[in-house]
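In the two assemblies presented below, chain A is common to both, partnered first by chain B and then by chain C.
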Partner chain A sequence: MSYDLNLRTVVPYLGSLPEAALVTVGLSVFTIVLSLLLGIGGALLRRSRAVTFRFVGAAYVEFMRNTPLLVLLYLVYFGLPQLGLRLNGFQAALIALTINSGAYMTEILRGGLMAIPRGQYEAAFSQGMTGFQTFRYIVFPQVFRIIYPPLGNQFIQVVLGSSLASVVAVNDVASWMQTAGSATFRYIETFLVAGIVYVGLCQAINLARIVTGRLLFGPAHVARGR
Partner chain B sequence: MSSVFADYGALLLRAAGITLWISWLGLLLGGLLGAAVGLARTSRWRVLRILALLYTELFRSIPVLILMFFCYFGLPLLVGLDLSPFAAATAALMFAASSLMAEVVRAGIDSVARGQWEAAFASGMRYRQVMRHIVGPQAVRVMLPPSVGVYIATLKESSLASIIGYVELTKTALLIRETTGQSLEVLATITLLYFVINYGISLVGGALERKYAIAHY
Partner chain C sequence: MKRFSAGRLSSVFLCAFAALMVLAAPAHSQSTLGQVMSSGKLRVAIIGGNPPYSSLTPSGEPEGYDIEIAKRIAAALNVEPEFITVDIPARVTVLQTGKADITVANFTKTVQRSTSIAFTDPYVVVSLQFLVRADQNDLQTIEDINDRDVVVGITRGGTAEQNVPLAAPDASIARFNNETDILAALDTGQVHVMSQDNLYNAELMKNRSGQYKVLPGLYSYEEIAIGLPAGDFDWWRVLNTWVGQFNASGDNARLFKEWFGYDLPPIQAQY
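For the complex of A and B:
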């Protein structure tokens, strides 16, 4: 344990860190937005009246939950060009992350929708509310409360998963760590810096979730689901 | 796809065995470490609780890929001995699984009502006795289903071992891909293999869950 920690050795590489962090954040934000949309579609499929749609939705979720993200990324990055679709690393990572995260979003949204009993819809309709009004004033406020904690979790999972983009030559924080590490052989120091960035990002999401959760739902709402 | 499996099926199945083995090892070691952290999280001492919370939060906020690199390149510098890709990957999977298992253990212990602790202590039992005879058996039943989930997570994460050069299922597929140039077929084949393995595990987990009938109480 006689390693002499010298953080000054990584200083020359810190200049490219903000850019790398921006790539990580950008990839994560794009993924979160797109996979949330995909999740809405997935949840609607899973709640559809048609058996085929329900099956497709369930198959999608089960498949994504039981296969590694890395293999999906390779499939998109190496496999799709064989079908004539050439993608750069960022595009491939965005697609793979979105498809993967979309399955988890599907389950989160479905779980939220499942918590609303049929009787509430019937009651709302019998009051003369339209479909949109029912969703806006009855369903959504309740569902949002339920999906809020796991949604924050999934955001964190996306940030963590975005590190895989470094494998397909995207210059994110994980890639920064490898470059700086192999150039200086200062693996501990570069690990510490990259670790601080990821922990900072994830804990920022976590804190934002807790703070906005208190603001939205009151102090009684404790962050659950982690 | 069929041609790939005809030529390399035996190789891929053996590689799948390696993937099962290293993820099982990671889960086992991570389970032991996680049990210690989980017990610390339910400890009477505040310092121990905070340390355990920091541990779980830390390892849940660092990508497993980064852990892999750290264990392969960084850990040898700290401990002064070279780690094989196998040892490094196992260590990384252990750390990742330990933070998940710590939460599972904590939730298991918390699921047992406080009154049972108080009753046991009032009957003159010691901490170890309460754990062994009262809380432990009940907590384990609650912990079983999420543990299956942790195993599946670990198995998926074990694919990252390919990046530090450990030849498991994913690395084997990449090597075959380089030889044959049939990216789509090879990668689709292992995706299917991963799915079959993980889905199988989750079915077994579901059966266990039903057997002990603990999910809905």
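For the complex of A and C:
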């Protein structure tokens, strides 16, 4: 038997797609920003001199990297109300995605920080820079140029991971895909359209990452032996 | 680097790809009926976690009302049933891609869905009902639900998407992928009301009596039918004959009573 691919069957449902895409973008962007902050905190924790801080950081990273995002989502949405904290779908998805992605951000930033030679810190100190000035003007610009590629990967992982939010009653693109598909039984067409939307969103976020990096730290033409 | 030049690599990949395509091309020269009879196997797609329609025993064997229907069809055709567990989108796509011969999975027959797959005549008729926790005293009637602060949990893309807004236009809707999740949401207070078909509700009330209550009123008319691939008249003819006799002979009523515990509601609408 053959399947008649007919994209016109999806057209009546395209009206609700922009709103769904907006939810996905909103969830992804908030998660990226918050997990970046969490990642900075985690990286500093793991590089601190106190053993307890290092242990806490390592435990957080290992736990989050070794549990599926779906399990975390269920815990936050269905488990927390039993302890008295009821969050709606979007909030639960945001929290679960953030703490999950924060672990990966921690590792990415830690790798970037480890690649800065000690000499840079010594030179900055010899110039009379405070710790904060060292980080802001010397260390972080170099770190961001190093972590460009893995950061881009992680941003894409966040966008794709946000599709799991549909499991906890969030009306994102994955939810649209299921709803439109279930109503028309034209799953192949709706999956195709949803896939294209996700590709577009990932590329848009990638572009935003590159532009932000250029604006903050200048063009990435650092001669690092490439 | 010279041995792995781009030209050579891409031609190797092209050959491998072409070989895969040839191997994967299905040989659909027979109708579904011919295929079932010659292979001796009826491939049935079912949804696992929806008792008493279908559920999986701890050993992994499927059991339920839908399963028994499929076994009877296979017996009538003198073939062996082979069960494939699927989820809500897959119960349709396995028919469209030829991976299953029939789907018995609490399928509501609608005109829009009929444009992509075929349905037999219905074997059971269900209606939409609303379920709340027994301790929710402020939700007693449909008017109480018709409020923006009340959240109704429904399965995504099901018939409830149209019917719940018709019954309670002001209520907020939360969409989940399956009934188990909606029930978990109801238990933890993430949704206030659960909408499901009246037979599923009845089963729940029997198994967990005292925890839930059903609000009065039936809010839709839905025919549950067997799904099969579109465009295959012979296969539809055979299955539909079976369904007609299954209903008329009282076999359906007996099987239903055995799995649900009460009498089969009338299948024909009174008009």
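Everything that follows uses one rule, which is that the second predicted complex is superposed on the first by the 202 of 226 C-alpha atoms of A that agree within 3 Å, B and C clash if a C-alpha of one lies under 4 Å from a C-alpha of the other, contacts with A are read in each partner's own complex, and residues count from 1 in each chain.
The definition used in the following text is that contacts are C-beta pairs under 8 Å (C-beta built on N, C-alpha and C of every residue); 3 or more make two chains touch, one makes a residue touch a chain.
Here the structure is a predicted model, which is why all the values come from computation and not from measurement.
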| item | value |
| --- | --- |
| Simultaneous placement of chain C and chain B on chain A, clash or fit | clash |
| Partner chain(s) touched by A:Phe63 [first = chain B, second = chain C, both, neither] | first |
| Greater chain A contact set [chain C / chain B] | B |
| Partner chain(s) touched by A:Leu216 [first = chain B, second = chain C, both, neither] | neither |
| Contacts of A:Tyr187 with chain B and chain C, given as first, second, both or neither | both |
| First (chain B), second (chain C), both or neither touched by A:Cys202 | first |
| Touching partner for A:Val71 - first (chain B), second (chain C), both, neither | first |
| Which superposed partner A:Leu164 touches (first chain B, second chain C, both, neither) | first |
| Touching partner for A:Leu85 - first (chain B), second (chain C), both, neither | neither |
| Partner chain(s) touched by A:Ile156 [first = chain B, second = chain C, both, neither] | first |
| Touched partner set for A:Ser175, first chain B, second chain C, both or neither | second |
| Chain C region in steric overlap with chain B, selected from 62-70, 98-106 or 116-124 | 98-106 |
| Touching both chain C and chain B, counted on chain A across the two superposed complexes | 1, 3, 78, 81-82, 166-167, 178, 181, 187-188 |
| Parts of chain C lying in touch with chain A, wherever the complex brings them together | 28, 88-89, 92-93, 96-98, 112-113, 115-117, 153, 156-158, 161, 174-177, 181, 184-185, 188-191, 229, 231-232 |
| Residue ranges of chain A in contact with chain B within the complex | 1-3, 62-63, 65-72, 74-75, 78-83, 156, 160-161, 163-164, 166-167, 174, 177-178, 181, 187-188, 191, 194-195, 198-199, 201-203, 206, 226 |
| Chain B - residues contacting chain A, complex | 57-58, 60-66, 69-70, 73-74, 77-80, 103, 152, 156-157, 159-160, 162-163, 170, 173-174, 177, 182-184, 187-188, 190-191, 194-195, 198-199, 202 |
| Touching residues (chain side chain A, partner chain C) in the complex | 1, 3, 9, 77-78, 81-82, 86, 88-89, 166-169, 171, 175, 178-188 |
